[in-house]
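Note that chain A is present in both complexes that follow, paired respectively with chain B and with chain C.
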Partner chain A sequence: MRTDLRRISGAQLVTTLAVTRVFSLFTYVPRQGSVSGQVTLLSIPLSVAVCWLLLTPFLRMRKTCGPDLLVECGRLGKPFSAVAVLLFLGACLLQVAGSCSHFAFFMTSSVYQTASREIFIGVLLVTGGYAAALGLEAFSRAGSLLFAFALLVMGLMLAALLPEIRLSQLYSPLAEGVEPLVRSLARTTAQNVELILFVLLLSRCRPGHDKRYLAGLLGITALLYEIFTFLTLTVLGDYSRMRLFPLHTLATVAEASVLGRMDLLHILLWSAVGFLRVTLYLYGAATCLHRLAKRLSMGMAVAICAFLTGVMALAIPIGVWDVASPGTLAVLSVLVAGFPLAVLAKKRFSKEESAQ
Partner chain B sequence: MKRLGSVFLLLLVLSGCIPTVPLNDRAMVRAVAVDLLEDGTYQMTLQVNEAADGGSQASSPEQTAITETGRDLTELLSKASISRGKQMFLGSTRLILLGERLAEKDILPTLRFFNATQQVAPTIAVAVVTGEAGELIRAGEKADQFSADGILDVLHKAQEAGYAPASRMLEFFSQEESQDGTPQLVLLEMERHQSEDSSSKTEKDAVKVSAETSSQEGEKTTRTADKLRVSGTVLFQSGQIAAHLDPTQTRGLQWFRERGRMKSTPLSVELPEGDLIAAKAYLERRRTRVRLENDRPLFTIQIEAKTAILELPEDLEADWKAQVETLQEQLITSEIQAALEATMREGWDPCGLSRLVRQQEAGYYWDHRNEWENWLSQSAFQVEVSCQVAHTSGTAQQRE
Partner chain C sequence: MGLKEAFQALLQPGPAYRPPTQDPAADRRLTHSLLQNLIELRAMFGSSMDLVIHEVKICGIPCAVALCEGMVDTNVWSKMFAQPLVDLKLEDPTPQKLLSWLRTNSLLAPDQKEVRTFGELFRFMMSGFVVLLVDGIALAEVFGIQGFPGRSVDEPAGESNVRGSREGFVERLRPNFSLLRRRIKSPDLIFEMVTLGTKSRTDGALVYLKDIVSPELLREIRQRLSRMRIDVVLESGYLQPFLERKPLSIFSGIGVTERPDTLCAKVAEGRVGLLLDGTPYALIMPYLFSENFQSLDDYSHRPYFATMIRWLKYASFFLTILLPGLYVAVGGFHPELLPPTLLMDLVVSEETTPFPLALEALFIFFIYEIVREAGLRMPRSVGHAVSIVGGLVIGDAAVSAGLIGAPMVIVVAVTAISAFVAPSLYEPVTLLRFAFILIGGLLGVFGVTLGFCAVVVNLCAVNPFGVPAASPAAPLSPYALRDVFFRWGWRVLSQEDLRVQDLEGSDLRTRGGAKDAD
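Presenting the complex of A and B:
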C-alpha cells in the first residue's frame, strides 16, 4: 500500500466529485416536504451562489495561508487540530454509512427484493475499501471514466425523455411566497456535502486554479440537478409523488429504440457511482484517521473506517440518513467555512500582534 | 488501476453466483386482464409467451391464456406460476385490461399493485373493457388481432385519429395524484359479427369469441369476424367510473388537449346540396390560454387544422373550398363544445386546465384551488377554429 501523496489533476478531482454527487441524485426527490419541485428549480442555482460564499474563506485561506486546511488547523494548536480532524472524520464516516444504507435499500427494494441488505453493504465496503487503499490517483482516474459514462447515460435518457415532456406542469416558483424558497435553498445547499471532500482533497491538485475547479464542480452538479428536477416535474408530474426513486422511474419511462428500457443502465450506473462514492469518502475518512494516528498504515486506516461504517449502516435505520437536513447544513458550514475562517482570523490576529 | 480492473473482473465472474431464472422457466406476460367476479373475488387472465421447448416444432414462442381466481392479485400471480410451473415475468407486459365491473367498483388497488411491481413500466397501456376483460385475452389465443400487440395497434391508431386518449398508467396516476385532475382511460369493446348464409347479425355485447364459433365445424354456414372497437373514454373519480365520453366527445377533447395526437382523423362534411365531402384532417397548431373575465376564467381555445380532401362529388361550385373549410370548422367547433359540455360543465378536468390556470392566472388559482370543480363548471370557453384545405385529390386539383 502506498502512503505517499501524489498529485491528481484538477479535472480529475472535479469529475470524480461531480460523479460522486450524482449518487444523491438517485435517491433525490425534487418535492421536499411541503416545498414543491418548482421551488427547487429556482433554489438550485441560488444554492450555487450560497456554496460559493461558504467556500470563499477557504479559497482565501489557500491563497494567504497554505494549501491544506488540516495542516493550517494544526498551526492553531493540537486540541483545535484534533477537533477539526475528528469532525472531518465523522462527516466522512457518516457519508460512507449513509451511502451504503441507501444503496442497499435501493437494491433490496427495487432490484433484488428477496436479498439481504448485509450482502450489498458488505460487498460495497470491501470493494470500496480496497480501491481506497490503492490511493486517490488510482480511483480518481476511474472516476473520470465513470463521469464520461454517466454523461453518456444521462444524455441518452434526456434524449429519450424529450417527447414525454409536458411544460404545463411548470408554474412560478414564487407562487407560494418566498418562505418555501428559503427552506428549499437550505436543503439544496445542504446536499452539497461533496464540498467537504473538495476542501480535504484540493491540496492534492496543482495550485492556482481553485476558483475554476470550484466553479466546475458547482456548475456541473447544479446543471445535472436542474435537468433532472425539470425532467421529473415535466415528465412524471404528480406521479413522482408515488415513487420512492424518481430517477429510476424516469429511466423506466425512457425507452431508446435499440436499448429498450433504460432502468438497467441506471442500475449499472448507480452501482458504479455507489462504489466510487464509498471509495472516496472512505479515503477521506482514512486520511483523517491517518493524521490522528500517524503510525497506522493507510490500508489499516481504511479497514478500520470500513468496519465502523459497516456497523453504522447496519445499526442505523434508513430514515435517519437525510443528507439535506438542517443539521447537515450546520456541519457543512462549520467544516468548509468555519475552520478556514478560524485560520484566517488567527493569521490576522498574529499579524496585528506582530505589527504592535 | 490493473488491480482495480481485476476486482471488477472478479465481480463480473462472481455475478454468476447470484441466483437467476433461466428463460425457459419464465413465462413472459404480455397482457393482463383483471375482472371482479360477482362474489367479490378477482379473476386474472394472463396472456403469456412461453419459450418453445426443443422438441416442439414451433419456432416462435407459444401464446397462451391463463385464468386464475382468488382474493388478491399476489395470490393470483402465485397460482398462475404454480399451475404453469414457470415464473410469471411482468417486465414484458405491455397492456393491462380492466373489466367493467371492477372499473365500476374501484380500480385503484389493482393499478397500485402493478405500479408497485418494479418490473412493470409506468408507460404500460391500461384500458377498460366493456363486459369481461378476460374474454379479450382468451380470444387472443386464436386470433392475432386480440393479442397484446394487436390491441395496442388498435389503440395507437385510435389515438392518432383522436378517438382515444393517452391511456397509460403514468398519465392515470399523474391525474389521480394531482388535486384537480380527472383520470381517464380508454374504453374497449369486443364486437362479435356473426354471419349465417347471406343474412348477418351483430352481437354487440361481445363476449363470445371467434374461437368458440369457428370450432363448430358442423355448422358450415356460420362464419365470424369479431373485431375490437374503441368506444370512447371513461373518466374516474376515486377509482370508480364517474362518466363516459363517446368517441366524438373524446375527439373533441383531443383537438385541444396538450399532447393529443390528431395525426390523421376522418372529417367528412355535407354541403347544403347534400353532397358529402370526405377528408382526413391533422392538427397544425393548438393554443389554449386563460384570462379572467368578470372574476371567472375565460379559456380561449385556438385550433388550426389542415385537411386533405379524399372524396368529393362532381359539379361543385367555384367557392366549394371556402364552403368546405367553413363546414369543417363548424364540425370541429361543435365537437369541442360537446366535449366541454360533457366534462368541464360537470366539473371534470381531464385536460388539466387547472394547470393552465396555475401557470397563467396564478393568483386566482391559489385563491380558488380548493373549489376547482365549482369554478371550472362556471368557466367560459371561447373556441376559435381555423381549417385549411391543404390537399385535394387529383380530380379536384384539375377542377381548380
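Presenting the complex of A and C:
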C-alpha cells in the first residue's frame, strides 16, 4: 500500500481554491474612490483574460520543463531557489495573517461587537493548523464538500434576492471613462491571489489537464463574482458603497419565505470559507518551510507557520488589510509569471549554449 | 527524585508488564511414546479439572482419547466415535495399520485432521475436538465432535429490519460459516482461519470472495493481524485499534455487523469480513462513512421511499450533533437571528431558569446519558423503571422546578431520538454533541462552524485500508453516488458491480485502480 504523498484530483483542487477565492468576495470592503459596480461587472471577465496571460509561462513551463515550479527553480541554482521558496513562503504567510485579521475585523464589527479579535485569530489558526497538518488530501476532500455547500447557500441567496432586483440601477460601465475600468481591472486581477496556491499545488494533481483546471478555476470564480456583484448592484444600489460588508448586508436583506433571514447561513459559510482559506495558505507556507528545512516535520512546520502568522495578524491594524492592493498584484505577477519565465529563459539559454 | 527522573520514570513501562509471549511448549512435537505424550499433555493442562483422558486398547494397541469436558457432544461421541473404535477388528493390528484405517476407512467425524505439535493439539482440544493418540505414532488424529452450549440463531438485537432475514450471527464460529455459505453458494467464498491472542488463541476467520477482493487489501489485513500483540481477544472490538491507522479520529474505517446478509453484501463489494469465535459481531474492512446510513431495508423498499429515508437519516445525524450546539450558540450570542415569536417564547422560558443555556444543555444531556447507560446495564425489568424515572426527571420535574426551560427539553428529545437513527454512529455522535454544546456556549456559531469543519477534515483524513472513508462523496465517484444521496432502482444498481477498490482515491489498484494512475 502506498505511503508516499497522495495525489488529489484536479476537480478537488479547483473546487477548494474556488471556495477559498469566495473569501475575497465576502470580505469586500468599499473604500474611498472605489469604482462602481457596473465597472466591476465588466472588469471581471477582463481579469480572467489577464490571469490566463499571467499563467501562460507557468503552463508552458509545466509542459516543457517539469511539473513543479519550485523544483525547476532549484535547477537554476541554490540562491535562486531559496529566494523563490522564501517569496512563496512570505506570500502565503501574509495571506494567512491578512485573512485572519480581516476575518476577525468582520466578526468584531458585524457579528460579535463585544468580543476581542485575538480569540477569532487564535481559534482560526488552531483549527486551520490542525486541518493543514492532516494533509492536502484530507482538506481538499473537505473543500469539495464545502464547495457544494457554498453553492447551495449562494443558490438560496440568489433565489431569495431575485424579487428584490431593480434593473434600473444599471448603467453603462464606460460612462465614467476608461480609467476606472483599468483601476478596477487591476484590483480584480489582484484578488486572484489563489493563483499562487494553484502554482504551488498543481504538481499534486494528475498532469495533462492544466488548461482545463485553470479554466475551471477562473470560470467558476468569475461566474460567482459576476452574480454577486450584479446582485449587490441591483438590490442595494449605491447603498452598498456605504456598507462595511455589502455582501453581509445582502444576506440580511435576503429573506426566503420558509427559511427566514439568511445571515445565519452567511455567517456559517463565511466562517467555513475563512477556515479553508487559512488551512490552504498554512499548508502552502508549511510546504515551503519544509523545503527550506527538510528535517522539520510537516506538523511542526505548520505549527511554526501558524505561530508566525498569529503574530503577524495581531500586528496588522484593524481594518487595514486589503486583499487587492497594488502590492499584491506585483507579488502575484512575480510569483506566478516571473519565476516560470525565468525557468523558461534559462532553459532556452542553455539550449542555445549547447547548440553553439 | 528530581523532576527529570520523575518524568523519565513516567515514560517507562510499569515493572509488572511483560510483553505477551507464546507458550514454549506450543512448538514441541509429539513423540512416538504414548506415555510421554500424555505426561506432556497433563503438564500443559496443569491442575485444570476439565482435561479428560481415557486410556484404551483398540485392537490391542495402546491408545488414549483426550478431550475437554463440556466441549464435546457426548451423545455423538459415544455412538459415532467410541462405539466404532471399540468394535474395530483389524488383521495383524499395528499402529500404522490403525492410523491407515483412521485416515482412509473411517468416518468418525465430519471434521478430521492430523496434528504434530502440542500447540496445535491444545488448540484443537480447546475448540471441542476429540484427540486420539496412538502408541508408536508421533502424531495425533483430531475429530470435530463439538458440543459446547451456545445460543441458537436469533434475530439480531441491534440491527433489526422490517423486511429480510431474521437471522443474526451467533457466538460460535462454524454456524456463522453456514449462515454465510447459504447466502453465497460460490466456490470463491473463502473462510481463512486466523488465530488471535497469544494466550487466548481465539479462532477467527477472514471472509472474502477471492475473485473480487483486492489482494493488496487482503495482504494488508493479514499483516496487521500478524503484527498484533495482545494476550486475550474476547471481542472483535479488541482488534479494531490494531487494524486502524492514523490519524486519530472519532470515526472508524472499520464497520461492525451482526447480520450475515449485510456481511455478504459487503463481501460482494470486495471487502473483507472478520468473524471471531465468541462474539456475534463481525468486522467489515474497509467501511465507508456513508454506510452508517444504509440498512438492508433500503434495498427492499421502493427507491423513492428508500431515498427519502436516507435523507431523513442524514438530517437526523446533523440534527443530533449540531442542534443543541447551534441552539445554545444562537440563543446565547445571536438571538436576533431567531424569528421574533420563537425569540419571545425563548426569553419567557429562560427568564425563570437560573443557568445559562450551555450549562442547561450540558446538565440535561449528562442526566440523559446516565439514564441511558443505567437502563442499558440494569436488568430489563428494572431498566424500564429507570427509563420512566429518567423521563419524568428530564421531561417534567426539571421544567416545573425551574431548572431548565421547556424549549431545551424539546431540543434534547429531538436530539436523543435522532441519535438512534444511525446507531453505529452513537459513540462519535455523543462525543460531538457535548463538544458542540461547549463550543457553541463559548464561541457561538463561529465556533460551531469551525469545529464542524475540523470534524469534516478529520473524517476526510480517515483512510484505514487505502480507501477514503468519506468516499464516494469526497473524492467524488459519480457512479458510486447512485447509492448514497439517492438509492436508485435495482435495474440501475445491477448494471455494474461496485467494488471498493474502484472508488476514486482508492489505493487498492486491482481493477479500475488505473483511474488514479499517472
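FYI, the second predicted complex is superposed on the first by the 344 of 356 C-alpha atoms of A that agree within 3 Å, B and C clash if a C-alpha of one lies under 4 Å from a C-alpha of the other, contacts with A are read in each partner's own complex, and residues count from 1 in each chain.
The definition used in the following text is that a residue touches a chain if its C-beta (ideal position, glycine included) is under 8 Å from a C-beta of that chain, and two chains touch if they have at least 3 such contacts.
Every value quoted in this text rests on a predicted model; they were computed, and no experiment measured them.
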Is A:198 touching the first partner chain B, the second partner chain C, both, or neither of them?
neither
Touching partner for A:58 - first (chain B), second (chain C), both, neither:
neither
Tell me which of chain B and chain C touches more residues of chain A.
C
Identify the partner contact of A:130: answer first if only chain B is touched, second if only chain C is, both if each is, neither if none is.
both
Touch test for A:172: chain B only (first), chain C only (second), both, or neither?
first
If you stack the two complexes on chain A, which partner ends up touching A:138: first (chain B), second (chain C), both, or neither?
both
Contact-wise, after the overlay, does A:267 reach chain B, chain C, both or neither (first, second, both, neither)?
second
If we overlay the two complexes on their shared chain A, which of chain B and chain C does A:9 touch? Say first, second, both or neither.
second
Just to be sure I read the superposition right, which of the two partners does A:120 touch: chain B = first, chain C = second, or both, or neither?
second
Both chain B and chain C contact which residues of chain A?
111-112, 123, 127, 130-131, 134, 138-139, 141-142, 261
Using the touch definition up top, name the residues of chain B that touch chain A in the complex.
1, 3-4, 7, 11, 18, 115, 118, 121-123, 170, 173-175, 177-178, 181, 258-259, 352, 355-356, 358-359, 362, 365-366
Going by the contact rule set out above, which residues of chain A touch chain B in the complex?
110-113, 123, 127, 130-131, 134, 138-139, 141-142, 166, 168-172, 175-176, 236-239, 241-242, 249, 252-253, 255, 261
With touch defined as at the start, can you tell me which chain C residues reach chain A in the complex?
216, 220, 247, 330, 333-334, 337, 339, 443-447, 449-454, 456-461, 463, 465-466, 468, 470, 473-476, 504-505, 507-508, 516, 518
Residue set of chain A touching chain C in the complex reads 1-2, 6-9, 11-12, 107, 111-112, 119-120, 123-124, 127, 130-131, 134-135, 137-139, 141-142, 144-146, 206-207, 260-261, 263-264, 267-268, 271-272, 275-276, 279
